[in-house]
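Sharing a structure below in structure tokens format, with a few things to ask.
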Amino acid sequence: MSKPEKLLDKKGLRLDGRKLDELRPIKMEVGVLNNADGSAYLEQGKNKVLAAVYGPKEVHPKHLALADRAILRCRYHMAPFSVEERKSPAPSRREIELSKVIREALEPAVFLEYYPRTAIDIFIEILQADGGTRCAGITTAALALADAGVPMRDLVVACAAGKVDGKLALDLMDLEDKYGEADVPLAMMPGINAVTLLQMDGSLTLEEFQKAVKMAMEGCKQIYEMQKKALKAKYVAIKEEIQE
Amino acid sequence: MSKPEKLLDKKGLRLDGRKLDELRPIKMEVGVLNNADGSAYLEQGKNKVLAAVYGPKEVHPKHLALADRAILRCRYHMAPFSVEERKSPAPSRREIELSKVIREALEPAVFLEYYPRTAIDIFIEILQADGGTRCAGITTAALALADAGVPMRDLVVACAAGKVDGKLALDLMDLEDKYGEADVPLAMMPGINAVTLLQMDGSLTLEEFQKAVKMAMEGCKQIYEMQKKALKAKYVAIKEEIQE
Amino acid sequence: MSKPEKLLDKKGLRLDGRKLDELRPIKMEVGVLNNADGSAYLEQGKNKVLAAVYGPKEVHPKHLALADRAILRCRYHMAPFSVEERKSPAPSRREIELSKVIREALEPAVFLEYYPRTAIDIFIEILQADGGTRCAGITTAALALADAGVPMRDLVVACAAGKVDGKLALDLMDLEDKYGEADVPLAMMPGINAVTLLQMDGSLTLEEFQKAVKMAMEGCKQIYEMQKKALKAKYVAIKEEIQE
Amino acid sequence: MISSIVSRVKQKQIAQLIAKGIRLDGRKLTDYREIKIEAGIIERAEGSARVLLGKTQVLVGVKIEVGEPFPDVPDQGVLTVNAELVPLASPTFEPGPPDENSIELARVVDRGIRESKAIALEELCIKPGKKVFIIFIDVYVLNHDGNLIDASGLAALAALLNTKMYNYELENDEIVRKPGYTPLPIRNHPVAVTFGKINNQLVVDPWLEEEQVMDARLTITTDKNENICAIQKGGSGYFTTQQILDATKIAKEKAEELRKLVVEP
Amino acid sequence: MISSIVSRVKQKQIAQLIAKGIRLDGRKLTDYREIKIEAGIIERAEGSARVLLGKTQVLVGVKIEVGEPFPDVPDQGVLTVNAELVPLASPTFEPGPPDENSIELARVVDRGIRESKAIALEELCIKPGKKVFIIFIDVYVLNHDGNLIDASGLAALAALLNTKMYNYELENDEIVRKPGYTPLPIRNHPVAVTFGKINNQLVVDPWLEEEQVMDARLTITTDKNENICAIQKGGSGYFTTQQILDATKIAKEKAEELRKLVVEP
Amino acid sequence: MISSIVSRVKQKQIAQLIAKGIRLDGRKLTDYREIKIEAGIIERAEGSARVLLGKTQVLVGVKIEVGEPFPDVPDQGVLTVNAELVPLASPTFEPGPPDENSIELARVVDRGIRESKAIALEELCIKPGKKVFIIFIDVYVLNHDGNLIDASGLAALAALLNTKMYNYELENDEIVRKPGYTPLPIRNHPVAVTFGKINNQLVVDPWLEEEQVMDARLTITTDKNENICAIQKGGSGYFTTQQILDATKIAKEKAEELRKLVVEP
């Protein structure tokens, strides 16, 4: 994908026709895989993300287990065909860093102390990538954790804001991320105003950054409502199944 | 080695002068290595193959051991100088696949249940390769297992049949394998008519395939007799040594 | 660095102005790192070497521990920026060999039997390399072992002699090592006349070799005095600290 | 491959049913599970397809890049098949480099495509000896409920049939993209049919519960001309000659049924 | 991140002190430890610097080589940052390939330099699409006593400012060295300021004892124009919005102080 | 390197015998075990040889390929020595990448060949800076009964002397094979002689039982001009100066004997 001349048109609309503070279309589904203890699927624009949770389960080797709580492990991984140039399936340095920050974004939400000496594994697979996959991964993984019945303080939800052609914009897609001026991915537990992931790259004044954080949080809150709806949909479906 | 014009001459003889249903010259020797619990050496045409067996022995790490039987492990490996272009000594994907199918070809023969909580290791080294090394490896490994005193239902023996210049042929050598139309490697326990390895690549009609299987089995039976002779030779030698 | 026309000038002096039997300027300091149980820093010409010792400590996994003595482990490692062309931080074959011979040069000095079931780790980092880093590494590691309070038969000290432009010379620097005729690195415990490392490459007559060994030993003895002084300096410093 | 008491009970149960020609999930011995094929679901990939075989779920993506040919076939494109048993698909899959199971899976899928000459590799040469197209087929197992080989083979074929290449011209040996796309030249349609041997009987399309108790596995890949192009025996048991011959016949019939699902949907 | 009883006691002690605005080592909440910077200590490297931040000790070496540019930016030099947590620096560091901690460290240092456009990469192109200079920044941690990010970032900046490139001319597309050296073109001065959150309060420059008990970590990198160019949250806790905004303001001030130590010493 | 009681008994026994100048297998202190050398046994390799040193068995294959020279010696061929301690040779060898023992073995063999200038690498240049011949020497240990270094060194020398290169001409910088073969240009004949130190005495050619109880190992490689070209001390013990000087003299004599077995058989 080569660089577009402009990221905003005359009316201030974005390449895909969105307004500056508008999210991409989002679709979520909970409980999509059979073997996992919990799972979820999410589409956000062209991003397609699958997450699965296994656990709480035994830890091997045993000396890695903790006496007073579960260990949370996380792997963020991109399918080789998820991006423009085929990606080697071996984990890249970027994937290793993202696995770490995603784990640390989810960890504050989980009551790990309920399951001493166990492990909870989160696997995130990016099937198609179009910018903002770490945020999409967190949103999806939180649903999978809930689906697995792992007790949490709140759902974790993530969204980025950034700056394109001089304006702050919500939920950047790949071209905006690549050719824009800044990107601020943020994850939070909206119920308790806790920011659990925050990264930034690019260039922003303090004032712009402050606004970008606010914008990302607004995006998070919208997605949070969708998360709750998706979870409800699954349990309604189960209920109907039982009543049939 | 470039492509020969023809694989069969006017008389229907093959590049090395063999008839279609003729095996390459085969030489076997049992008990050729000192440190191994069992070992064997085989030459089949230009193939030179060495196999060693260690075990039954303790398993490390212990959690890999099975309570009701031994685990069988197998490594098929080619020496760097065994082929036209030097091969890196790191195991290739091909070697990993062949290690698996060879293990699964030998496993049906071994009374693994006699040795719970142990491991039996089979190491096959291809010192020189000229087509059909997986079959040669199985034939050699079975001798090494017998030499190690591992109890078996029957010896396992392997041989390929294939199609060259439109004709079915036994025991393909490298050029025939590479430029022929199909290759069907097969391993069996002749005493109980049990096929323990079967692979195929190329293109055969059902009828041709049926004939190829029969041809490969005939080859197996001939090699089986040689295996028994080689084992006997070793024990006669030992007996003589004792009587001296 | 391209090849110099000559390694010795008309007066028989070397590229850095040294006489044939002259060591490079050497600086040592003991106890330079906080986390290690023992540490030392050495400059020998342009070589800059840091060594740290951790242990005696528990062994993981446990089955590697020995019932009657400690295991000694050693890693010799070069910083990527220590040499002319950036070196990949992954251990090279050269570094793996040197780690082994350095461990075996230090092992004769350590009373390993005092600490059964434990491990002692030696880490040597070459921050800048200018020839003779294995010797400099041994000299530094011995100081770090002493600083860690590991009981030893004697200090180990190392120095090379070699042949440049037809003459035997002490303590070769990189250009002399690369373009000279031979290099003989040697480590010893001077107190008990025990040679604990000896390597050689190049070409020497038996007589030349004999002289080179003697020359290297003389170099060792000079450096040995510096080692003792450096250790004393540290304990004087501690004593003063306590008395303050 | 099964040790615990619980498993032995299930093993016995499965075996007894099969002796009567019935399977635990109600299928007949030569029935496949329900199959769903969706092609073109990954827009970023040049080709893609997802196959649901019962609860087994496999996604295949095809990527095309420019690279060097192998020295011994300088005028042919390169085919590369890779399989990832990603850990979200099963509690038995571990993260890490491909193990023997994923390598075998990739190589069996590769063999079917390569030996049937499904892709006209000779049409994928850009400049002989220097530049050719490389076709990457990535098999991504998303849920493992048995018979990964057949599901992966079907998904690979569906993805290949769905693959588009951009048009180009050569200018000074450099590729210059032109408007439009052409389908990848596909000449054959290999289809794998896998058998499990349980209690000395063959069952088609073994699912996970059957795989856990079966003695051996046999995969027979046939092409659209009804020739066999690839075979793979797996597992620690054996087959009789008769079983092999029976299997080839059933495989031919079943492959024909499956092929229709992919080729003329 | 702490389980034993001893640690809990220390955790409590640290937390109680911080509630009073005091730290275990006597610093105020926004104080850095003593900082020493020595540049140019590795003559073999094109640039180098050692930073002592209290007892934390980091050595950075810069090497320059000639290589190929990335295809999407054919006219720019390449920046590569690598961090080694060598085992002599801490009992918790293991020999082996980079783990998630050293990768994160390298990438956060990289981001500060890259996003602030500290190096004029466009001036490091030799022949567009073919040959450019590659800048290797190797972060070597020699003693770990906490806050490796700020120490590494400072050492990297000091090393870059100390870096010299040889002069050259192009003859037939080959580099021919000419006498003399030129400084690496450095355009900006990113400085990272890291906060620990302990007992719901922010402390600047957490040392090892504090890192072991803190809930979360926040690093804010600002450039010489007072813009933010990189942020990284770490650790298993969270921050409130207010804490984040407070941190950005403190980071700006602190970065200015630190920048003076490197840029105008 | 030995802990168990049984081993200590054997250790004592070996040591006591050696004090009397006798060895467990009846040899004198400076005797080699029986040596058999077979050259040319791997037809696929450009050169090969198998050496039996008592029950120690080593196979060496030489392969020649075309590749790029090292930048600092653009007009010389490349020598690469690799050693595989394949697991069929000993219960102590593990499958996997080369460990420190196989790397040391390869590097000691390499040093003897390289430092004695045994191969005329300058004659293996095809096009300076671009194309040279690469000589791969692969040491393959088939049975380990002690003193792998001497056996491997002998096998490598025998294989090199047995190596044939195809004739060629250069046409447009491409190699065109011509009929016939030429021997590899071998200029020197390095031979390694290894000593074990047991009970403070030197023994030549230690076998496995001796290796298990010896304190240290010393290998001295001399060339056909009686110069020393490589030395390697191994093991966790030490040598006195006198022992080293004694060893060099014995090594010279023994090497002469061994050299005759390879060079003029």
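Observations on the model:
Should a chain be cited, it is by its letter among A, B, C, D, E and F, assigned in written order, with residues numbered from 1 in that chain.
Note that in this section a residue touches a chain if its C-beta (ideal position, glycine included) is under 8 Å from a C-beta of that chain, and two chains touch if they have at least 3 such contacts.
Quick caveat, the model's predicted, so the values are computed rather than measured.
Here the chain-to-chain distance from chain D to chain F, counted in touching steps, is 2.
The chains that touch both chain E and chain F are C. The distance from the centre of chain D to the centre of chain E, each centre being the mean of the chain's C-alpha atoms, comes to 48 Å.
Inter-chain spacing, taken between the CA centroids of chain B and chain D, is 27 Å. Separation between the centroids of chain B and chain E, computed from CA atoms only, is 58 Å.
Interchain contacts close the chains into one ring where each touches exactly two others, per the touch definition above.
Read around the ring of contacts, with chain B first and chain D next, the chains fall in the order B, D, A, E, C, F. Against chain C, in their complex, chain E makes its touches with residues 41-45, 48, 55, 57, 59, 61-63, 65, 82, 84, 86-91, 95, 97, 136, 138, 140, 142-145. By the touch criterion given at the top, residues 3, 98, 100, 103-104, 106-107, 111, 114-116, 216, 218, 223, 226-241, 244-245, 248-249, 252 of chain F touch chain C in their complex.
Those residues of chain B whose C-beta lies close enough to touch chain D in the complex are 66-68, 93-94, 96-97, 99-101, 104, 107-108, 184, 188-189, 193-206, 209-210, 213, 217. Those residues of chain B that touch chain F in the complex are listed here as 33-36, 39, 46, 48, 50-52, 54, 57, 75, 77, 79-86, 89-90, 121, 123, 125, 127-130.
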